[in-house]
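Just dropping this structure here.
Chain naming follows the written order as A, B, C and D, and within any one chain the residues start at number 1.
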Amino acid sequence: MAKLQRRLRLGMVGGGPGAFIGAVHRMAARLDDRFELVAAALSSDPEKSKSFAKEIHVPRAYGSYQEMAEAEAKHPEPIDVVAIVTPNSTHYPVAKAFLTAGIPVMCDKPMTMTVDEAEDLASIVQKTGLTFGLTHTYSGYPMVRQMREMILDGALGKIRMINVAYVQGWLSTPVEQTGAKQAEWRTDPTKSGKGGALGDIATHAYHIALFTTGLKAESIAADVTTFVPGRRLDDNVQAMIRFEGGAKASLIASQIAAGIENDLTLRIHGELGSFEWHQENPNYLIHSPLNDAPRTITRGGPTAGPWAVFSTRVPSGHPEGYLEAFGQLYKDLAELLEAKLEGREPNPISTLLPDVQDGVRGMRFIDAVLASSENGSAWTKL
Amino acid sequence: MAKLQRRLRLGMVGGGPGAFIGAVHRMAARLDDRFELVAAALSSDPEKSKSFAKEIHVPRAYGSYQEMAEAEAKHPEPIDVVAIVTPNSTHYPVAKAFLTAGIPVMCDKPMTMTVDEAEDLASIVQKTGLTFGLTHTYSGYPMVRQMREMILDGALGKIRMINVAYVQGWLSTPVEQTGAKQAEWRTDPTKSGKGGALGDIATHAYHIALFTTGLKAESIAADVTTFVPGRRLDDNVQAMIRFEGGAKASLIASQIAAGIENDLTLRIHGELGSFEWHQENPNYLIHSPLNDAPRTITRGGPTAGPWAVFSTRVPSGHPEGYLEAFGQLYKDLAELLEAKLEGREPNPISTLLPDVQDGVRGMRFIDAVLASSENGSAWTKL
Amino acid sequence: MAKLQRRLRLGMVGGGPGAFIGAVHRMAARLDDRFELVAAALSSDPEKSKSFAKEIHVPRAYGSYQEMAEAEAKHPEPIDVVAIVTPNSTHYPVAKAFLTAGIPVMCDKPMTMTVDEAEDLASIVQKTGLTFGLTHTYSGYPMVRQMREMILDGALGKIRMINVAYVQGWLSTPVEQTGAKQAEWRTDPTKSGKGGALGDIATHAYHIALFTTGLKAESIAADVTTFVPGRRLDDNVQAMIRFEGGAKASLIASQIAAGIENDLTLRIHGELGSFEWHQENPNYLIHSPLNDAPRTITRGGPTAGPWAVFSTRVPSGHPEGYLEAFGQLYKDLAELLEAKLEGREPNPISTLLPDVQDGVRGMRFIDAVLASSENGSAWTKL
Amino acid sequence: MAKLQRRLRLGMVGGGPGAFIGAVHRMAARLDDRFELVAAALSSDPEKSKSFAKEIHVPRAYGSYQEMAEAEAKHPEPIDVVAIVTPNSTHYPVAKAFLTAGIPVMCDKPMTMTVDEAEDLASIVQKTGLTFGLTHTYSGYPMVRQMREMILDGALGKIRMINVAYVQGWLSTPVEQTGAKQAEWRTDPTKSGKGGALGDIATHAYHIALFTTGLKAESIAADVTTFVPGRRLDDNVQAMIRFEGGAKASLIASQIAAGIENDLTLRIHGELGSFEWHQENPNYLIHSPLNDAPRTITRGGPTAGPWAVFSTRVPSGHPEGYLEAFGQLYKDLAELLEAKLEGREPNPISTLLPDVQDGVRGMRFIDAVLASSENGSAWTKL
């Protein structure tokens, strides 16, 4: 087949006025100019959905995701993929509707409300062969990919210990009782699922630990806390993890670290050296080799490898950030979709895009953490 | 007049295959979705211009900027603004052609090859009232604007000393002799003008010092050096500056700082405190008040002021970078253009967009630095 | 009683040629000029003990600690205190011998080999009223004391979460098999006790968490690992801790973090803000208040409180380090001893010197960690 | 001759109650236990001198430096060296008196009040062959010596540009009018000499630039300012320097950088790479090689060279600071003195101790900076 001569057609469900992550998806999808947003059900309120679609120049506005899935499946120029940016509770039905209609999906995390739903989506994806991306944003950072590439190449030797901490402070007080929309749904189990900080950020921490090291987790001992009185979901998680082969990890996820913004820090220690990476200053990766000086690998710099180079767009010293990491997931998605449309193999680096199996693992993680915590922090299978 | 119901139409001159800054302009213009690139003369080679336009989905491709200016002026849906992203030598004729055709301009820096050309553009802009933006990128960073806002509000008291250094290492060796395109034109006086590091980065350093403090420079004592043998333009500049009111500055700009990437650092010291900001980690601004603990103002954080808030798009702790700063200049441009088209006053923060007068000051700076350096570093009027 | 007109007389047991911590004690004791080292049993080899004493200008050299305790007790100008700087296995008998002889003690940690021994020392100290210091060095850092003072003053509100990690890499390989003296005894259970990294550094991490917050630990769930094949003691510890009142902590201690030097990092999160402190750059304390900009409290700076000011000796910006922190413990010791000799109350800040009860808590911690780890990481009383 | 079996006997002139630098000298001299302070004229008030000597356990107290020089010269166990820690105005007569009496000198900087005085001291030192140390403290830091060693070894290739800045804020307001003793004499030309910030800290910045690079300065263009109204000496200096062989430097020294503590930062750029070092976190040296990842050389770490290793006393990761750097100068002094007394060559690393020629260069620097500044910043011979 020939090279695609057009931008990919993107649809979106969710992301209405004031939504944080919907706007991020749109900026991310625009960054590399391989998508145009042509169809959307932006709000559960059909009127709002249509008026906001007009405002942001989306030609095809729908009143509901069901209507949209049905119509797009029949459209002569249907969307190539749909982005699902609703609260967690509707990820599953929306994803199922589009997959069933034969339309690939780019879904926010956590992927579903239950492990069963996650496994159902995984099963559909397997049967249909449709592309399914999961926006574990932090895996889009070039220096995160650099860690994965170097670890797979043996730069750290066998991994022994991982310390991952994802710490925020924005839920230090009961802001969900003051009308803060982002806080409301994230602390509401009917919209967010079983996990609070657990689903919202601990899943990211868990994903990045697996993503960078390629290790398989065996079991977890966890202690889950709700510190803010009246809150309906957890706001603090700590856990110890054991991996196949003997590696161990500590995992911290908190949304009550007063005064802290979005501090996702990853430290990985292997037989031959260590990595340290901070999401808040993501362009630098500290590599401390055994018996040598620590060195700083920079995004775009002389020691960045091919995976990092593929995942960046401006020269070293010109910092990239969260939107570029998110944009990278869309770049991966574009590459996977275009390759299929063009009948070729994708650039293998694009298969780093988190997928439906990552979503299943994330849901099992949530269940295991809660089970362990309720059972005296007993070691629980992951 | 009514609210504009469409994206602004952007044109581009320059930015062909492999060009760095052209691609940056396009990403920056897409970020906030207020522009669509509809017309371009991407290369001085008409064939290349048209084939690349097709590749990047630009509907109206022109063989030359003259043709483009003429045609767009008559087009029923003409471009609202043209971005000029060519090497320095053609900024002036291209800008003049479009301004004369009644089309606003977004121009790379340094603005022209000579002060005369700069003053001519300034005169045209004054006469026509057309919008003219100059991409001094670093003024788009929220924390840079935060400095300006706080200094104007008196947070540092009277400014005494500024230390600005813009240090890169990519020209430490004669890479321009090895086929590196970005190095070739930047070290070629016929394309770059009188200044090497002087025009390329010292102008940024000078601009950010003026931008943040609002001071007026009086005179400069400079020492300009070409360290790399065979290089045709300077690669290292140092200078001392005196301002109206008694403030002083040191300015360093170097492209031979081997091993350094893009380290633009600004320190401002006033009677009541100091600022420190680093472009390579731009989301943080250190404010050290007299007799109090230094504090870190964060982009999007609790102490960021309205100018910074206007100039950002994701929450604190989710880093933004170079593309977002550049995108901010396009957001300012969009606001200025839309306000005119809609017959209203723009958000005043958007008037922070560097303009043709900044371009004139930059050209005078280049001339004064060279004159001082050639004259025993004598104090020379700015 | 009158002011003491002389330096305090210090004795030392251990600290022979090549010993690390003995030399540190001597430098620390000299720093503020309130001690002179007048008597020592520097080595278990009497000849070596005497020749090294001569070399380092110690007038009274003994062949054994027993001989020394006996002789000093009868000396007309006896030592005012003895520093015990031997491997862990002899702390208890040496301390007991001197206490029984009526001589105060400054002892290395961990204090003993067993909880029983620790409680026996505590009992003797209680009966005799003798001064007993325990060199948990990191509690001597001014910024560590600043945390304690501010937390007691309510600056962070109620403490919710503590994250303490003490990470080193020097035992990443089996260096104890290559003749490295420091590694040999630290990995030898007959000299070091039940804990490897656990006794050597996890006890420091535990102490600093209690010291800074004033919290009482209730129980711990731990996972202890020996990563290096052939090693006889653990080299990696992770644990979760619960405190009275609901606070929680994560604790990491590792000596196999390849490439890492001596990274003791403490983060404390309370209802009203957070602290972050790094031992490797100890002059700075980051205080992130809820809904305000993070600020950096500097040793000697304008926002350092009286406890920090008491615990420092050069102006802000002139960094202090490990020796000064250690010297502060000796300054505290001097103050406690002089106050007794002069019949007055000591400066209360000097009572921050860790004491025999800290030693008991440390030994209970070691036992609890090992018990939990051997019991499926079950929550175990502290 | 045989190995010295005793500590060196140290004398001190100046350093009475409340003096900052005298106390620092005493702590520094004690650190490695190679000196005992046996004689002193601590104050110009004989009574105060004697009572304070008693308080700090100095056996031989003198009422004046003249008396002391005379008496010590005849003493059966005379001092081996005298430390001069008075305000600048008396360095010269005191040094001359002791040198003339045959006693080596450890002198504070700036060395004298005039170039003539400096040259006179140099001439006496040359004639007598007596040891003369000058306490340019920052040359005692291990990482500063590491820079010198690596640069001499060619690690940076030919040096092109040096950027040194020594910035403090403690004189941002007229504190000398409020009774602050340290500020009073430093802003009083009769006690401090011709330079304010110039003599106090610019001389340190100049010294460290020469010390690390081994370059010879040719000329300087300077701009000296007094920002605080009523101040009698400068409080801000900026300069450009040219070296033999073509290297250039910028130098900044300021005491009005409000909110800044003691920020001495050195950046050195050569053909093959760059160094960056910060005095406020002195245990780390960033080495950015051309076309490779920046690496961090740590004090005591695996890539520290022999000069750094000689100049440190605790393992890597256990930070050292200002007192240890100062102590290193005393260790160098001890080695030089002992070698003479023992009739052997000293460890050559100890010859890094700044000497009387550094003092002469410092005084010439002060004169040249003032001359240039008064002459329109004209390039002036150094």
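Convention: a residue touches a chain if its C-beta (ideal position, glycine included) is under 8 Å from a C-beta of that chain, and two chains touch if they have at least 3 such contacts.
Which chain is which protein? Per UniProt: A, B, C, D = Predicted dehydrogenase.
These numbers were taken from a predicted model, which means no experiment stands behind them.
Student: If you average the CA coordinates per chain, which chain's centre is most distant from that of chain A (Predicted dehydrogenase)?
Tutor: Centroid comparison gives D as the farthest chain from chain A (Predicted dehydrogenase).
Student: Which pair, A-B or A-C, has more C-beta contacts?
Tutor: Counting C-beta pairs in contact, A-C comes out ahead.
Student: At what distance in angstrom does the C-alpha mean of chain D (Predicted dehydrogenase) lie from that of chain A (Predicted dehydrogenase)?
Tutor: 55
Student: From the mean C-alpha coordinate of chain A (Predicted dehydrogenase) to that of chain C (Predicted dehydrogenase), what's the distance rounded to whole Å?
Tutor: 43
Student: Averaging over Cα atoms per chain, report the distance between chain A (Predicted dehydrogenase) and chain B (Predicted dehydrogenase) in Å.
Tutor: One centre to the other, that is 34 Å.
Student: For chain B (Predicted dehydrogenase), jot down the residues that touch at least 2 other chains.
Tutor: As it turns out, chain B (Predicted dehydrogenase) has residues touching two or more other chains at 260, 287, 291-292, 294, 298, 301.
Student: Going by the contact rule set out above, which residues of chain A (Predicted dehydrogenase) touch chain B (Predicted dehydrogenase) in the complex?
Tutor: The contact residues of chain A (Predicted dehydrogenase) facing chain B (Predicted dehydrogenase) are 6-7, 20, 23-24, 26-27, 30-33, 56-57, 168, 260-263, 279-283, 298, 300-301, 313-324.
Student: Could you pull out which chain C (Predicted dehydrogenase) residues touch chain A (Predicted dehydrogenase) in their complex?
Tutor: Residue list for chain C (Predicted dehydrogenase) touching chain A (Predicted dehydrogenase): 156-157, 160-161, 163, 165, 167, 169, 172-173, 221, 223, 225, 227, 236, 238-240, 242, 246, 248, 250, 252, 254, 256-260, 267, 269-274, 287-292, 294, 376-379.
Student: Across the complex, what residues on chain B (Predicted dehydrogenase) touch chain C (Predicted dehydrogenase)?
Tutor: Residues in contact with chain C (Predicted dehydrogenase): 287, 291-298, 301-303.
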